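Each of the two complexes below includes chain A, the first together with chain B, the second together with chain C.
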Partner chain A sequence: MNSGQIDYTKKEMPEKVVKLGYGLLAIGFVLVVAAFAFDYTRASFNSLISFMFVFSLGVGSLFLVALEHIAGAYWSVPFRRISELLTALIFVAPVLAIPVLFDLHGLFHWSHVEAVEADTILAGKSSYLNESFFYIRFVVIFVIFILFRIAMVGGSFKQDTTGSVKINKINARLSAAFMPFFAFMLSIMAIDWLMSLEPHWFSTIFGVYYFAGTFLVALSLLTLYVLYLNKEGMLIDGISSDHLYNFGALLFAFVNFWAYIAFSQYMLIWYANMPEETYWFIIRSEHGWEFISLALIVIHFVVPYVMILSQPSKSSKKRLKVVSYWILGAHYYNLYWLVMPTFSKDGPVLGWYELVFPIFTAGLIITTFNFVSKKRNLVAIGDPKLKRGIDFRL
Partner chain B sequence: MDIDYAREASVIEGNPSLKSIEDSISKPLSTKASWKYWLALMFTSSLLITGVVCLGFSFYYGTGLWGNNNPVGWGFPIINFVFWVGIGHAGTLISAILFLFRQKWRTGIARFAEGMTIFAVMTAAMFPLIHVGRPWLGGYLFPYPNQHALWVNFTSPLLWDVFAVSTYFIVSFVFWYVGLIPDFATLRDRAVTKMRKFIYTLFSLGWRHSSRHWQNYEMVYLILAGFATPLVLSVHTIVSFDFAVAILPGWHTTIFPPYFVAGAVFSGFAMVQNSLIIIRKVFNYEHIITLDTLEKMNKIMLVTGMMVGYAYGMEFFIAWYSGSQPEQFAFMNRAFGPYMWAYWIMITCNVVSPQLFWFKKIRRNVFVMFMVAVFVNVGMWFERFVIVVSSLSRDFLPSSWAYYKPTLVDIGILLGSFGFFFTLVLLFAKTLPVVSIAEVKSSADGSQPTHHGGSSHDK
Partner chain C sequence: MTNKPIYAVTGLFEKPDEIINAAEKVAYEGYLNYDIHTPYPVHGMDKAMRLPPSTMGYFALVLGLSGAVLALFFMWITTAYEYPLVIGGKPFFSLPALIPITFEVTVLLATCGTVISMLFIFFKMPNNSHPLHDTKFMKQVSSDKFGVCIEAKDKFFDKEKVKSFLLSLGATEVEEIYFDVDDLKNKNKILTPKFSGFLVFVIVLTSAASYATLNIVMYMPPFDWMMTQSRLNAQGTTDFYENHSAMREPVEGSIARGFMPYAFIGQPDSAGKYLENPLEMTEANLAVGKKKFNTYCSPCHDYYGRGESRLKGRFPNPPSLHTDKTRNWPDGRLYHIIT
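== the complex of A and B ==
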């Protein structure tokens, strides 16, 4: 309907990005295989970090898409397609989880049946924390996410040619249905794959904590792609600093949200001082882990907070680019802080194992986007809301 | 009704002229109150007097008149405190957070919601004060050097409450007043009697509607909104700390801060909803506080209701998952113990009843949404009841368990708090514009320049 007025021509991804993606993926793959060959368990822990990172990006992007539909937002319509394409990471994420599944015993203490039988507390929760139910939850959650992804994003792809207004209504409804599932499934994933690494430990806010990071990285990656594709002229005319300001403002809000949730969790556990809860933080406050923990506050909160506090910085292309890269790194660091103390309680480890997985992950993300964006428009040109989205001014 | 995606829908209906907006909003201020108004005022002030009498008895005979017993030291006063602080949150959410999100539909309801915030915080602040038993010693809550060498306990979240709530009250009040200044000026210019002119002139602080004034005003308003946003989150966060820093099962859980904030917004919206439905009917504001606005509020109630539901579920699951016996007992006791009636009232009202808002027909049905909002208010009051009473009445030592039962005095004070709140609301409705004249005008069709040349008036 509106596509007549919209001036958009599809351009191919620049050659160098394609090469970069393949390069990182190939190098990363070789190194990752080597890592698994040398020390399977250590590689698995790292693979788990990468898996939860990519999972964050995939389902976080789907959340952003749903959020736009459900909130009836206009400003984000010109960028929605990028998030929609990034939801393909949901299909890719299990690649990183599969090697972990082969080494459950190395990662998850609760998977040792004898150890669980000897431990009354673990025996009490064995009806939830056992291998078969763990697999079932994993499969069911991915199937549901993939079904929602196919329904919501598939409709939007079709709209490019049909321009049907109906799709907007269907997607708004699907998004409403998606939200409770999202909250539920993301929490289960956070409990299963991160919290249960220390099977005795528990914290009701943990799902929210993981969600805060999920939202941040999905938004950061989107911001990076918007900045890059816009620079290359691959998006659409009319993207203004007012659009960019929204990215900056949302990133700023969620940097604060993460800090709020992280503080709430730490503060309440510290104050009540109950051994069954504090031991998780005690592991992270001795043998050198205290530096990693303190740095987390600076890396995940102080630095991005200062970087985009001022009004002009929220719409500055340069600043947004830096802060988005920074937040992607910060979330990876956050996951490292959540996962690795279980692997090495007597001090932080940082060797080539830890470095090769980010390379592979970056290659995976870039190549996935290159692949899925090949045949697709980078802007949802059939969406009747697009025109108003482009015209958005603060 | 089909949505037109190409143009922005107006937040007010019927395309009224700017003058008619001004007229309809300031009409209740310049006309004599009807008998219905006096009847309503009589009703609320009788409730207020009931409360005052019950308080008087409590001061004279002591807090032994209340139901508080040995394990349940926090009875009605703390439940009511948390309930009323929560009610206040919707006002700041609407006026500050929705402002930062540039949600224009808030213009019709922001002023009224802000007013409710202030009254709710005033109501709430009474309860900790009377709960200390000797409210005339309340001054010691503030850390000031004194001859008794008494110093406050800075490590107690109850003290953080004192700071959080008083800061919140001051900022909310300033925010509300700043928003009122242009309206005071409008009223001053319309005033017919000398007395009114004098009062409005005094409060409008020399406002002349000059563009320079507007420029400063908008900057101040934005900054205050920026201040109020973290503040409102901090207030209920700290209220949740009152419980969560303790080691009592059912109180100590890390999800409390965001869960309390969501619950506060949930109940606050319900209260705003209830009051606005009456106000828009009585004052004929149906074109300003539109059905669309009410529908959006219902959606927010659905979302926050589900967040609260998520927290209930997560608490229950983790209580089991923790493997900690006291935790497991506390939650089983809540759901199936002597207070199971309160627990299931809470679940029905807070989690089940808002599910009706999945249906558009119900979201747009004024009577049904009014009933749901009443349910939500009841449910949120019971949520605090469940948290406070069920955990305390059966604590660690079974020998000290006791069933808490409120007395008539407790109920009288609760009714009194409603009387106090609604009396203030009624007085507010007749003395100040309950809808922001300036903001509604600014969001009327055609009052803002568009980027396509011409105004959105031309169709």
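== the complex of A and C ==
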């Protein structure tokens, strides 16, 4: 138990994964370009879903990193570097948002100045919901996220060679500063890009609703990478089922958290029964959308809940792998449910437009990770807490 | 001491690492009836002791599910079957409203039930005597030491062997624990004067508190019952509002639901312009019109509209309806005047 030195050698990402990433990215890119060429507005809606998905993963990973620093956690130190590398998705996410910015009028009703002037409610909101302020918010939020990302993750990269304890302290302070920004900016992003699709509607819990999904996907992707890299022997020795149990327990907790928030949002609106609030749910409960809505409960809550309910399943590699893939899909489905009713109120749409974007997104995520992990260690070998993190037992 | 049967041999250790190591070794030797006592939970102990996963989870599952079913059944019986009341215009049995309560009852029954079943089934609750009670060993492991206790009923148990085995693991103190036969036979009384006194105290306290809450506090503003709170009756007076009426008047321009006020009050000209006579020219309508005219109009206008009143000068005579001015009025204006 006191072997002292950390035994880690950097290995290259397997050829298979690199090829898979490039393949998905190339196929996805061609199809996405085709989608934009055929129907720009429909493609923009799908691009918006993918953008919010990748954004979830990027900032969710940064949140996981900050959470570890601020709580002084030990068990997650061997995996922190994977989350840190995944935060690079923050740089990539705007790629999916830029095509949407060219079609603001197709997506956001509030961007039509004449329509807003004729509408008392929207005119009242226009000091916030107008195009220039929208762009400013978008840029400022990304700049702040990127600055925090560079500060927190960059320090950790440096620690690999220096191994100084000071960086842990700096990062803990940075994380404390980051948390309120994170809560505020994530809510703003959710309101700007998802809630304002129906500009008359409002829900005060919406930011938390998006956060619940954000945490879940970031954790799921981390779990998948940990399972895969550990199987390939690219992580450090000593990862036990006790570590995996923590992933399972956290996933289980946040599956419940999502259901709790989603239900809170629904029940208050359902109970108060005010027309300006209920119509958002009414759109989602007619013309075939009701099946999508009911399926959301099963897909996002019931299935993952049952899958990792029992204690042994929380540390079972096979089960964790399945449930992580499932949750990634469920979050994408959740975003589809949030976005697409605005595009087609007359019924759910599912065509090749909807299918090509996940391919491109998957390619983007895999390739980004391959790219950033090329020159970096996959374990934070300089962190003084690493040894204790590996020895973690329940 | 020797006439008492032996219960177990215990060994004390100083550090958590040592106790984990000791637990691993004891399990490796094949002992089954042994236990580890620590002042706080030690990570990794389950695995070191080779304990199977706890069956406690199944208790929680069954209790939780029965809590959910029970709560739903109770709410269905009360709100939809026995006392169906419309609340907030929702259906009698409306699931979203019931979910929070179902959730609470599920959690309540699962947690409380699991703790109670742990106490009664796993810890054999009413049994309040154990050979380890009041031993030096128990006092030390509940403050700052870590202890192993290998019971005599284990099939590998041999007093001297176990003793030397524990010493070889690094135990600082090895002790033999004996059954105190008299103590085992002696059932401790539950209703000792001290405990009875405490029970009486609790009963009096809670009764007094409930009595005071229901009979005194609930009549004291602002905690009082809704029925005794000050209120204003409809049509009553108050000094609170400027017009001294307890009721508020509707905002100017409000109209009753499902009612559209007549738009042409006192405006015959615009009525002539915008109003149309909705009645069709049919025999039946003309007959009704004749009857109405004879009943309501003819006393002044006379049966032929010439303005020869039968009221003999009690009112001024109206002008004739046969003038050019009247004949050229549009249908809408006439309809407005007549109705």
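Definition applied: the second predicted complex is superposed on the first by the 390 of 394 C-alpha atoms of A that agree within 3 Å, B and C clash if a C-alpha of one lies under 4 Å from a C-alpha of the other, contacts with A are read in each partner's own complex, and residues count from 1 in each chain.
What we mean here is this: a residue touches a chain if its C-beta (ideal position, glycine included) is under 8 Å from a C-beta of that chain, and two chains touch if they have at least 3 such contacts.
Predicted, not measured: the structure shown is a model, and the values here were computed from it.
Chemist: Give one word, clash or fit, describing how chain B and chain C relate on chain A after superposing.
Modeler: Because the two structures are overlaid on the shared chain, the partners are seen to clash.
Chemist: Applying the touch criterion given at the start, work out whether A:393 contacts chain B, chain C, both or neither, answering first, second, both or neither.
Modeler: Touch status of A:393: both partners.
Chemist: Once chain A of both complexes is superposed, is A:271 in touch with chain B (first), chain C (second), both, or neither?
Modeler: both
Chemist: Is chain A touched at more residues by chain B or by chain C?
Modeler: On the superposition, B touches more of the residues of chain A.
Chemist: Which partner does A:137 contact after superposing on A: first (chain B), second (chain C), both, neither?
Modeler: neither
Chemist: In the superposed arrangement, which partner chain does A:112 touch: chain B (first), chain C (second), both, or neither?
Modeler: Touch status of A:112: no partner.
Chemist: A:125 contacts which: chain B (first), chain C (second), both, neither?
Modeler: First partner only, chain B.
Chemist: May I ask you to decide whether A:310 touches chain B, chain C, both, or neither, giving the answer as first, second, both or neither?
Modeler: Touch partner of A:310: chain C, not chain B.
Chemist: Going by the clash criterion at the top, which of the stretches 24-32, 42-50, 60-68 or 240-248 from chain B hits chain C after superposition?
Modeler: 60-68
Chemist: For chain A, which residues lie in the overlap of the chain B contacts and the chain C contacts?
Modeler: Chain A residues touching both partners: 267, 271, 273, 393-394.
Chemist: Which positions of chain B touch chain A when the two form their complex?
Modeler: 2-3, 5-8, 100, 102, 230, 233, 237, 241, 244-247, 252-258, 303, 306, 310-311, 314-315, 318, 320-324, 358, 451-452
Chemist: Using the touch definition from the top, list the residues of chain A that touch chain B in their complex.
Modeler: On the chain A side, the touching residues are 2, 120-122, 124-125, 128, 165, 168, 176, 179-180, 183-184, 187, 191, 200, 202-208, 249, 256, 260-261, 264-265, 267-269, 271-274, 276, 384-385, 387-388, 391, 393-394.
Chemist: What residues of chain A sit close enough to touch chain C in their complex?
Modeler: Where chain A meets chain C, its residues are 1, 242, 263, 266-267, 270-271, 273, 310-312, 392-394.
Chemist: Looking at the complex, which residues from chain C come into contact with chain A?
Modeler: Listed in rising order, the residues are 17, 43-44, 46-47, 53-54, 57, 88-90, 96-97, 99-100.
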